[in-house]
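Two complexes follow with chain A in common, the first pairing it with chain B and the second with chain C.
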Partner chain A sequence: MAEQFVSKASEFKDGDRQIIRLGEQEIGIFKHEGKFYAYSNFCLHQGGPACEGLTIAGVKEHLREDKTSAGLYFDEASMHFVCPWHGYEYDMFTGEQVADRKLKLKKYEIVQKGDEVYVVA
Partner chain B sequence: MEQLIADRGRRVSVEELNTTRLLAHAAHQAKQRKFEDVLIIDVDAHHYENEHFGEILPFMDNEVFKQLALSSRAKGGRGSVAPSVFGTQDIGGRVTRYPLRDSEKTSKGFKRDIEIGHRWMDAMSVDYSCLFPTGMLNIGSHPQKEMEHELIWAYNRWVTEKVIPESEGRFFTMLGLPFSDPDMALKQVEKFGDRPGVRGFMVTTVRPKLPVHDNAFMKVYRAIEERGLALSFHSGFNWGDDQFQSCNRFIAAHALGFSWYNILHCTNWVVNGMGERFPKLPVIWIEAGLAWVPFLMQRLDHEYMLRPSECPVLKKKPSDYMRDMFYSTQPMEVQDMGALEDTFRMINAETQLMFASDYPHWDFDLPSTIWDLPFVSDKARHNILGGTAARVLGLQPRNEAQKANLQKFGNLKA
Partner chain C sequence: MSSPKAAAKAAPKAARKPAPAISAEPSKSEKAAFLKAMMEGIKPGSLAAQKSAAKKEPGARLLGKVPKTKASPAPKAAAAKPARTSAKKAEGAPKVEILRKISGAAGVARTPESERAFALAKELEAALADGKLDLIQPPAMQALMGALCKVYSANEDSGNRYPILAGRAAVTGTDVMIVCGALLKAVDLQVFELGMWQSWAGR
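And then the complex of A and B:
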């Protein structure tokens, strides 16, 4: 395992992502609300570029006590990233596939040294 | 350039859509599996013909309908001459190639579709693709049979005179027919059936009131069979159809629609003994996945054993006729691998299944979805990916390794 330089933290804007390639590995690094998250860029579905698509909050449905639906809404406490090939949707915080949380993308550790961001791979 | 796909800050940063770059992982998969040595034929891929109506509509034959169609394109929003459907195939922009499609750099006009097609075919190592339209899969819901014929006629002329000849021999087609008018359908078979790149004709199955077994269509099927061409049933969805009015989510209308229309037409095709009437006509059921096939086999066989008097033309069980026909793979349901293995057994996948990508639509499949299946033989892999389609549709290998593989598995026509 080695530390691979990703970017200067000051140049990595919130909401952005970077894709780095290390041999056969591809790693997507996201910055969301000041924190870094790094996952394998190979979708668990058909191998698409899992980290290169849309980032979007999870969709939830309001169910009332009487079991009736009060409609859909974006859950602002969540954030997902979506494989652009087919829409496989992953939890930004865990790398879990949100439709089946047993499926998880490989997660990589991020190390910050001063203004420099590294991924451990 | 950062392109906002939705509000509330949802975003993806791209300079432009580039199909080759988007499918770089597919190219990697193809290289790992040495797909260059495997003839891969995609029996169902698409382009967006609606982006070329400016080129297509002048090919209409009747001057009044042509004037109506061309006039409708003028600014002012006076309606559309072609049917459209409700739906959100791009999942709110999550499948980014939909909203970003306009940003892909290509030549203008019909050559754009050829260039984009070759980009994804090269990435997947697909040798030949059957090019189908997108919006015109819903042409069967047009209320005016004359306009249906005219629009299909214009598309069929455009695609066979412009697109196919410029595709370096890598696109072929199974042309749509105006099934609201059997005489016009026959006219189109006679006009286009012998053109280069035409390997068959297609029933757009979003036609819930179409009796595919009606006597009026026998001359059409006979004409296709006599030419040694295939008949495909390409499924679709129409959220606006009566039977889907209770569906409040697109997932429901889409999942049911593609299955339903093929189930409907396949049932009528089988119980009316069309397999007995046209034994040399290859019939291909396209884009409904595979999970519906075992269900229908079981269901029809069960009822046939009790009510054979209603199907006197049949000489064997409905499932036997269904095993005589062909099925395209996509969208292949893989969630229960055991059920999929049973499905392969029930349809004789080794000889009856043909690979389809459906690219660029949202639920496309890669060739690796077949290659990596744990339960199929080497022969089945080669047959499904291209050998069977090569044999049935008369397509040739593109290199010596592919030729050797076709010979090895008995798929090379003399």
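And then the complex of A and C:
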């Protein structure tokens, strides 16, 4: 496993993404709330570009005491990214497919050294 | 929606007999690989370009050397095998190649009025979650709704067009239908008039 330079951290703004190729692997690198996350860009469903779709907070539901719904809301503490092909939704923090957490995108470690961002692969 | 497995179960037995090779359905992964290749095309720097370069140039590293211009064709049979061997021998780790940069939403400086609107929206959402439906009394709701309608439509007219709901707003289709219906009723408009206006005005 080697560290490979990806980008200057200062050029990587919060909310930005980079899709890189490293050998035969394609990796999506996200910066979310100051932290970096990197996953394989090959969707577990049918190989679509998993990291290139919408990013969206998780949708949850307010339940009243009697368990009736008081409406849906976005849970800002969570963040998902959605494969643009057929909508597989992945957890930004773990790479798990949120509808079936047994399915997980391959995760890559990101190392930041000063202003430089490296991917470990 | 029936799953592919269920569909396969439901299919008559005859349909599952091995079909002649020419009409055989490619596997899921083959379809995905085909679609991906179609999307990518053979563009400089792509895996397809690297593979075709490796086939064309016996000495080329599969993962390193990518032709910037079209390489002159080399005899296929001679090229294929040595390229694979040289790829195995390639020294050092492959280099990072940036394929795409996707920018996040542009940060917009918020005006004090926008800040107040955000705070009010948050307060209303929180109250709703607590079951306090009457936090805003009807006259205040009417004033707010009227002002929002006018400001949004004035912006539209002046060419400052933007989606009325943020992508993240959790508003259901039912919410929208209730509000739209109530707004149309308030100004005595029928749905067909809205449709007519939209088709005339090209909206």
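Miscellaneous remarks
One rule holds in what follows: the second predicted complex is superposed on the first by the 121 of 121 C-alpha atoms of A that agree within 3 Å, B and C clash if a C-alpha of one lies under 4 Å from a C-alpha of the other, contacts with A are read in each partner's own complex, and residues count from 1 in each chain.
Here, a residue touches a chain if its C-beta (ideal position, glycine included) is under 8 Å from a C-beta of that chain, and two chains touch if they have at least 3 such contacts.
What you see is a predicted model; the values in this text were computed from it and never measured.
After overlaying the two complexes on the shared chain, residue contacts for A:K113 are found with neither chain B nor chain C. Contacts of A:G48 after superposition on the shared chain: both chain B and chain C are touched. Looking at the shared chain after the overlay, A:V82 reaches chain B, while chain C stays out of its contact range. Once the two complexes are laid over each other on the shared chain, residue contacts for A:A57 go to chain B and to chain C alike.
In the overlay built on the shared chain, the residue A:Q18 is in contact with chain C alone; chain B does not reach it.
Put simply, more of the residues of chain A are touched by C, taking chain B and chain C as the two choices. In the superposed model, A:F74 makes contact with both chain B and chain C. Comparing the two interfaces of chain A, the one with chain B and the one with chain C have residues 15-17, 46-48, 52, 54-57, 74 in common.
Within the complex formed with chain A, the residues of chain C that make contact are 28-29, 31-33, 35-36, 45, 47, 63, 93-105, 125, 128-129, 131, 167-170, 172. Against chain A, in their complex, chain B makes its touches with residues 5-6, 8-13, 22, 24-26, 28-29, 91-97, 362-366, 368-369. Of all residues in chain A, those touching chain B in their complex are 15-17, 42, 46-49, 52-57, 74, 82, 84-87, 89. Every residue of chain A that touches chain C in the complex is listed here, in rising order: 2, 4-7, 13-24, 26, 31, 46-48, 52, 54-57, 59, 62, 64, 70-74, 119, 121.
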